[in-house]
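Next up, some structures in structure tokens.
Consider the two complexes below, in which chain A is the common component and chain B and chain C are the respective partners.
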Partner chain A sequence: MTETDLVAISPLIFVIALAMLIIVADIIWPDRDDISTGLTVAGLLVGAGLTVLVAQSEAREIFAGAYVVDPLTSFLDVLFLAIALVTVLVAPDYLRPRGLPMAEFTATLLFAISGAMLISGSRDLLVLFLGLELLVLPGYMLAGYAKRDGYSTEGAIKYFLLGSFSSAIFLFGLALTWGFTGTTRIREVAASLAQLDTASALAPALLMGLALLTTGVAFKIAAVPFHYWTPDAYQGSPTPVTGYLSVGPKVAAFALILRLFVEALAPIKADWTPVVIVLAAITMTLGNLVALTQDNVKRMLAYSSIAHTGYIMVGLAAYAGAPVGSEAERAGLEGLLFYSVAYAFMNLGAFAIVSALQHRRGVTSQIETFAGLGRRAPWAAILMTLFLLSLTGIPPTAGFFAKAYVVLAAVQAGGWVSVLAVIAVLNAAAAAFYYLRVVVFMFMRDPPETARPVLTGTMMRAGLAITAVMTIFIGLVPPVTSGVIEFARVAAEVLLVRTAGG
Partner chain B sequence: MSGFLLTAAETETPVAAAGATDMLLVTLLVALPLAGFALTALLGRRLYTKAWVIAVPVMIVTWLIGLYVIAQALGGAYGEEGLHFTLYRWIPAGDFTVDAGFLVDGLTAALLIVVTTVGMLVHVYSIGYMAHEPGRWRFFAYLNLFMFSMLLLVLADNFLVLFAAWELVGLCSYLLIGYWYKRRSAALAAKKAFIVNRVGDVGFGLGIMAIWTTVGTLNFHEVFEALPEAGLEPWMITGIALLLFAGAVGKSAQFPLHVWLPDAMEGPTPVSALIHAATMVNAGVYLVARTSPIFAQSPFAMLVVASIGIFTAILAASIAMTQTDIKRVLAYSTLSQLGYMFAALGVGAYFAAIFHLMTHGFFKGLLFLGSGSVIHAVHEEQDMNRMGGLWRKIPITHITMLIGSIAISGIPFFAGFFSKDEILGESFKLGFGWVWFIGVVVAVMTAFYMFRLMGKTFYGPSHVDPHVADKIHESPPTMTIPLILLAIPSMFLGVAIGWPPEGGLIHQWLGPVFHEAEELLGHELEPYAIFGIDGFLLGASVAVAIVGMVMAWRYFGFRVPLLGAEVQPRARRVEVLTERFRGWYDASFHKWWFDDLNHLLFVRIGGAVAAALWWFDVNIVDGAVNGVARLTQGTGREIRQIQTGRVQNYALGIAIGLLVVAVSYLVVTPR
Partner chain C sequence: MTNLPILTLITFVPLAGALLIAFLPRGRPDLARWAALITSLVSFVLSLLLLPAFEVGAPGFQFKEQADWIPAFGIQYKLGIDGISLALVVLTTTLSWISILASFGPIKDRVKEYMISFLILEVGMIGVFVALDTFLFYIFFEIVLVPMYLIIGIWGGANRIYATLKFVLYTLIGSLLMLVAILATAFSFQALNGGNWAGAFDYEQLRGFGFDPGFQAFAFLAFALAFAIKVPMFPFHTWLPDAHVEAPTAGSVILAGVLLKLGGYGFIRYAVPLFPDAAVTFAPAIIVLSLIAIIYGAIVALVQPDLKKLVAYSSVSHMGFVTLGIFVFQQQGLEGAVLQMVNHGVITGALFLCVGVIYERTHDRTIARMGGLAAPVPVYAALLGFFMLASLGLPGLSGFVGEFLVVLGTFDVMPGAAFVAMLVVVLSAAYLMWMFQRVVFGELSDFLRGIGHHLTDVTPVELLTLTPLVALTLLLGVFPGLILELLHGPVNDVIAAVSGGTVIAR
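Coming up: the complex of A and B.
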């Protein structure tokens, strides 16, 4: 370990230190939520600054090639920190009225984020697994954070049991890959796979490993048919946690896919492409179909997040299905990254509105809660409409461009992937039905007699402002749009250059 | 104001002077009204009675900036090509790129003079006119939004931005016509305006697409450069020109899409003055003038423009002669004057068309605002049969409206005289004798209906409701000052920019803009000869104007001893006249039954077709769609059953999933 190694991973160390600092601060000043939240917000901003600062220097491998700080790492790290920031801003409005402490919440969240950041730069199969566990374990805790609420506990236990099950499956897959290639370094795995004879069949052990790895990550991104845990865990969790769970672990799991499938398993991508295409197709379709029938907005958003997993997978499929070295390969990865950013903000925004409505205890997330919101709380209704329109993919919001990029990449890739583009567009049209249904409730139904005014704290407003501004700006302000695309392109190119160069 | 422009035009400013400041100011021209709209819409409710405090000052500042930009543009600071810059790339999609860009040249500046000045004065006027209106913040917000859209329309440097602005002004027009949306007639009129405009806009949209597919760009200058070299068949050029003209016909309410404008008078009067007289309805004229290089390549398209224009002019003038609603008379008059402008564009008298657009903007704005003041005075009465003898009671309104009427009638040395005479004179000299002849007939009718209006309102015997008669008083200064300020250009604008004839300032300003079209047409005008043909034409215009005026006076004015003794009471004589021309009168009074024809065509027959289609849609199409929806929902419900809530089932599901994935890797898709 050298000094440069430490500098390179300083953002990661900083976030872990911040989490510990918050725990210590909570011991010294118990019941001072403002201190922990203030510290977190300030810390996350500093952390983001630090990440950008570190990103300025050359990309380099550290810890003997086990970790790398390249544009992809920086891209994902900034996104993870932004996700954490919005979650922390949104949480107090929900947690405080229910007597749930902020400090433990933020500390747990930060540990999870550090796991995500570990994944983003990981170049070793074991580090990857370490990062994954560091990401999901705090996630289980967060899901059961409202420990006196039966649903929360139930969801958390299901999430934990199934999550452990899938982690084990994933670990088996890693083990078989290691057994086949004899190394855990991603670079060496890729090099060893590139040596394989392209004509002959792959060894059954490697294929079995591939199957286990596919299943493991499919569970983490909540792809159908490995999605069963999502609706229960999402609905039971405290709403801000649901917002985080629908975005943070999902994007982190896609980061894992980028490092593992796109980097390590790229030489045999022809073998895993058909599975990705089929999974993407059924994930989009099933997520949307079931979302159609939901009357609970949280549950509806849970299923819709499954559908969005499908759309992001279209980007992955475009990469996988495109010929090696083609433009479409890059376009697919670019679409995947751009979609992740857009999805993160618009989905967090939608959940933030649900949290805001639930500021008062006892308010459910049933769709009736939204009736007449346009009159009761016009701002909340307008913002919710914005997020829902973006989730639907209506221009000029971020969601529109995100969908446009993955679909265009899929068309470019050609072959079966272009069928995926058609399915994606049809699904987007179907999704309009259940998203706009909420809008209809907000603006065209009379509020229930018992409805009381919606309260929002300053932090909640800040969180909403960030998500709304990003949702609009990514779509409408060309410099922001092209900025994100540019960053995504640089990040995607890192992977492509490395897989092409061996 | 004209004096100010004169000095600006004389100074020779180098082109380089057009720098960042000018770009900023031009951007502000659209940004300020937009900001005004946003602020008024957000804070409006809280401003209560002072809803105008944001909108009106914003508009005054916009006007001042507008004056500076106009002076720069007309003073030559932006060069012959005008100031042209790109704000940002609006649509970056591969080959299809459209920039949000602005263009300020002589033509834009000429439009800006009318749009900003009348816009500003109407804003001020509205303070007084809307003073008793609850919820007037909505009015001021829309008004600002309209100004934004209209300024965007004249500043746009490409067809797509123009089209966006075109639709925006249409939207504002809809919102403002339907301002009193609780009144059924207003809501219907708004809908009618919107739908009729859509008809024209379909053509306009198709025209834009045709331009894109043939020359691959939408920027005005690039299109005009590329089109002659694109090697298009003549019929394609004609097609593009006529599609664009369809849009103009809708927006400028020309025959056969003229039916919406008279109904649009359901909106508040300031709106009628601003949108439906001075600015938005001119957009069609502007469009044809802007795209003159396209029209000039197609003699047939030019002929269509001229024919539709002059036909609308005489049709509308004939209707205006018998209407009794003061605003409707003015609305038909607007149609008729717009017809003049199109006729001028069609014969190739571009300068005259824009010149008339400018003078008309001012005097028609004045007449509308004046009519608003009259309506205000007689307590929201619009029927001229229930007015009369008002000239002593509302003197400022009377004098200013008299100036407007003289101006529109074409009496020498008022603004309308110069511009109308130029249209008629050039039509004749360019070989369109029939346009000239119909134009002269329209001129008689114009003078007649205007002085009929003046007589019935101000001079003839009073038919005002006795309860109201005692309470009639002049409008507040916020309303009369704009009237006075509009009366000034109505008197002097013509001489200021139109003298000497065919060589005035307006020709200098617009020379570069129309240079290309003029060259294509190959027009050679003989020098202006006041003692030759031009003198004769001028004399003819003046003579017919006076004839029309005197005729109206004899039936509707005061008794002037010079004009001979009264044989019968005036009312009786009007009746006799009406009887003698019963058929004509009915045709005019019923607007040539156009609304009834449309009703038959589109409501009765169209309705029957629609009903048939509806049946097909409900039973066949919807049946299929609903079937699919039911199927999907049903499937959704079935799939939902998988979600049992039991963790063992889930684990089993994952295990099965793993098995399937493994099998597919090992068996289904091996190399």
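Coming up: the complex of A and C.
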């Protein structure tokens, strides 16, 4: 370990220190939510700045190759910090009226984010697993954050049971991989696998390991049929937490896939490609079909997030299905990263609006809550429409470019993956039905007699502004679109160079 | 030609108006109305300025504007027009201000939002006709969807939500598959170009590129499905009657007048020239479907009890002529198809306005409850009669010329099809004249008598919306050459693209 190692990893250390600082501050000044919230917001901005400062254009290995700082790490870290920032901005409007403290919330969230950041640069199977656990354990706590609410507790327990179950499966898979290759270093795993005779069948131990790893990550990204924990956990959690859970752990799990499957397991990608293609197809389709029948917007968004997992997996499938070294490989990973950015902002935005409506206690997330919103709170309704159109994939929003991007990658990859492109767009058309249904309630129904005005705090407005601006700008402002594309390209390229190098 | 980016101005002036209206005070609906009317008039006048400046007969596209948009994929902001787009752009700007003016009375609720939606709709419609980049084209094509969804869904009739969702879902399924085809086209272009993305979405480069026939079949079908739903071609037409019946009057005018043309324009501009081999292969099937649409639309119109539904089904029939004219790949047929699009826009738009006028007074559109309108509202009856005759194709009025040219063109290539298409002249005379007779002639019906003094003749504003359309119908009926001379060049290009393959039945 050298000094420069510490400098390179300073954003991660900073976030952990920030979380601990908030706990201390809360002990000194209890009941001062504003201090912890202010500290978090300022700290996250500093953390993002720090991430940009230490960013490297070339991969830089530290801690004897256990961790790496490369453009992918920086790309993902900034995204994670942005997700945390929006979540913290949105949360007070929901938590305060329910008497839930902010300090514990932000500290727990920051620990989870540090786990995600650990995953993003991890170069070792064990570090990967550590990061994963650091990510999900605070997640269980957040899901059950409203501890007097039965639904919140129920969701948290389901999330915890299935989550730890899948972590165990995943760990078993890691162990088998280690047993087969004799190393936990990702590069050495890849090198060892690259020497296999690809023509013959995989050894049973490795095949078993691969199956367990796939199952484990499929749970984490909530791919069908490993999605059963999602709707209950999402619906039961406090709304800002749901927003975070639908984005943070999901993107982090995709980061894990990039590090594990794309880096370590790339040499045997022919063996896991069919699984990814099939999973992507059924995840999109089933998520959308079930979302069609939901009357609760939170639950609907939960199922729709499953569908979006499917769309992101199309990017992964494009990478996996494309010939080694082809441009489609890069396009698939770029699409995956671009989609993750667009999805993070538009989905957080949609959940932020739900949180804002639930500012008063007792307001449910049933679709009736949205009736006549266009009259009661025009700006909230317009922003919700923006997010929903973006989730549908209507131009010129971020969601449209994201879909176009993964579809383009799938078309480039050809073969069975191009069938996924068609399935993806048909799904997008089906999804329009349930997203637009909310628009119908907002603009085409009259508000109920009992409806009271929607109140939003300054921080909530800031959170909405960030998500809305990003949703519009990624779509409409060419330099921003190109910028995100460019960063995604650089990040994807590093991954491929390393894979090619074995 | 000056350096003024006139196409950008025409397209985005309505957007500027929409933004302006967003900041107008909520309590002043009159301000929003006038702002919308003035903006659409500015766009209209600008589009008229194109007419003298346009060089008739010059090859290729004029008033071109070009800028990089997403250079990584060669996506450009590229605009330009030829004779076909010019005619349709002027049609769009004309019908837009007329529709906005026609909404002054009927739309009393949420005027601001209505006007904003309408202006954004106009941006999308003009954009589709001027875009020369497939990606940009797709974006404009989709932008049209959202305001129309809101216009039907918020200001529509009783069953509006069902109608508007059906409209959106039908259109989306088609257009999203087209998106896949657009991306696939761009990809195969760059793959054959040594991995260079430059020009992969550029219409002028894609055109005549000569894609692999197998790929053409896939891409053509995806494009054709999107456009067939928009036109709408039998059997994809079922969203149209619902959408028309529920839409507010101005929404119906734009829907019939411009939105259906997006489909016809898409066939001529994109589906046929980009994938000529596939177009030739599938032409017989499309011709058969067009004939079915022509006959079927007319027969169903015959039995409609509702005025608006009758006009809606007559649209299915008339638009069948458009697709028929396109897919015979013959000079008169294609020119007739474009002319028919313009004429149908004017005449059917006017018919919907007429239905709107009577609906404003009676809040009913049932033909059986009407009768004897000639006595109390003579001017209205005359106008309705005029457009009815134009719609059934009376020589001397514009409706005749387009259909005649299409039939002539078809006769040249496949006489049997021409004969079938001719049959519809009888049918359309039947359903239109029967409708007119039941609504206008005879004793004043009890229902209308109950309306009493509310049954007034057309107001000056309504007259102002209908008169330009009367003038256009007469003008294009007598001098169809005004538009036809714009079409010779572009139509020849389309035929040249197709005749690389074998022309059918020759």
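Keep in mind that, in the parts below, the second predicted complex is superposed on the first by the 499 of 502 C-alpha atoms of A that agree within 3 Å, B and C clash if a C-alpha of one lies under 4 Å from a C-alpha of the other, contacts with A are read in each partner's own complex, and residues count from 1 in each chain.
As a convention for this text, a contact is a pair of C-beta atoms (placed from the backbone, for glycine too) under 8 Å apart; a residue touches a chain by one contact, two chains touch by 3 or more.
Here the structure is a predicted model, which means the values were calculated and not measured.
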item	value
Side-by-side fit of chain B and chain C on chain A, or clash	clash
Which superposed partner A:L389 touches (first chain B, second chain C, both, neither)	second
Which superposed partner A:E486 touches (first chain B, second chain C, both, neither)	second
First, second, both or neither for A:V407, with chain B first and chain C second	second
First, second, both or neither for A:V440, with chain B first and chain C second	second
Partner chain(s) touched by A:L292 [first = chain B, second = chain C, both, neither]	first
Touched partner set for A:P274, first chain B, second chain C, both or neither	first
Chain B versus chain C as contact partner of A:P204, first or second or both or neither	first
A:P478 touches, of chain B and chain C: first, second, both or neither?	both
Partner chain(s) touched by A:F165 [first = chain B, second = chain C, both, neither]	first
Identified clashing stretch of chain C versus chain B [151-159, 385-393 or 439-447]	385-393
Footprint overlap on chain A, comparing chain B with chain C	478, 482
Interfacial residue positions of chain A with respect to chain B in the complex	157-158, 161-162, 165-166, 169, 198-202, 204, 207-208, 210-212, 214-215, 218-219, 225-226, 228-229, 231-232, 270-272, 274-275, 278, 286, 289-290, 292-293, 430, 478, 482
Complex contacts: residues of chain A adjacent to chain C	327, 374, 389, 393-396, 400, 404, 407-408, 411-412, 418, 421-422, 425-426, 428-429, 432-433, 436-437, 439-440, 443-444, 478, 481-482, 485-486, 489
Interfacial residue positions of chain B with respect to chain A in the complex	88-89, 92, 632-633, 635-637, 639-640, 642-643, 645, 647, 649-651, 653-654, 656-658, 661-662, 664-666, 668-671
List of chain C residues in touch with chain A within their complex	68-73, 113, 138-139, 142-143, 145-146, 149-150, 153-154, 160-161, 165, 168-169, 172-173, 176-177, 179-180, 183-184, 186-187, 195
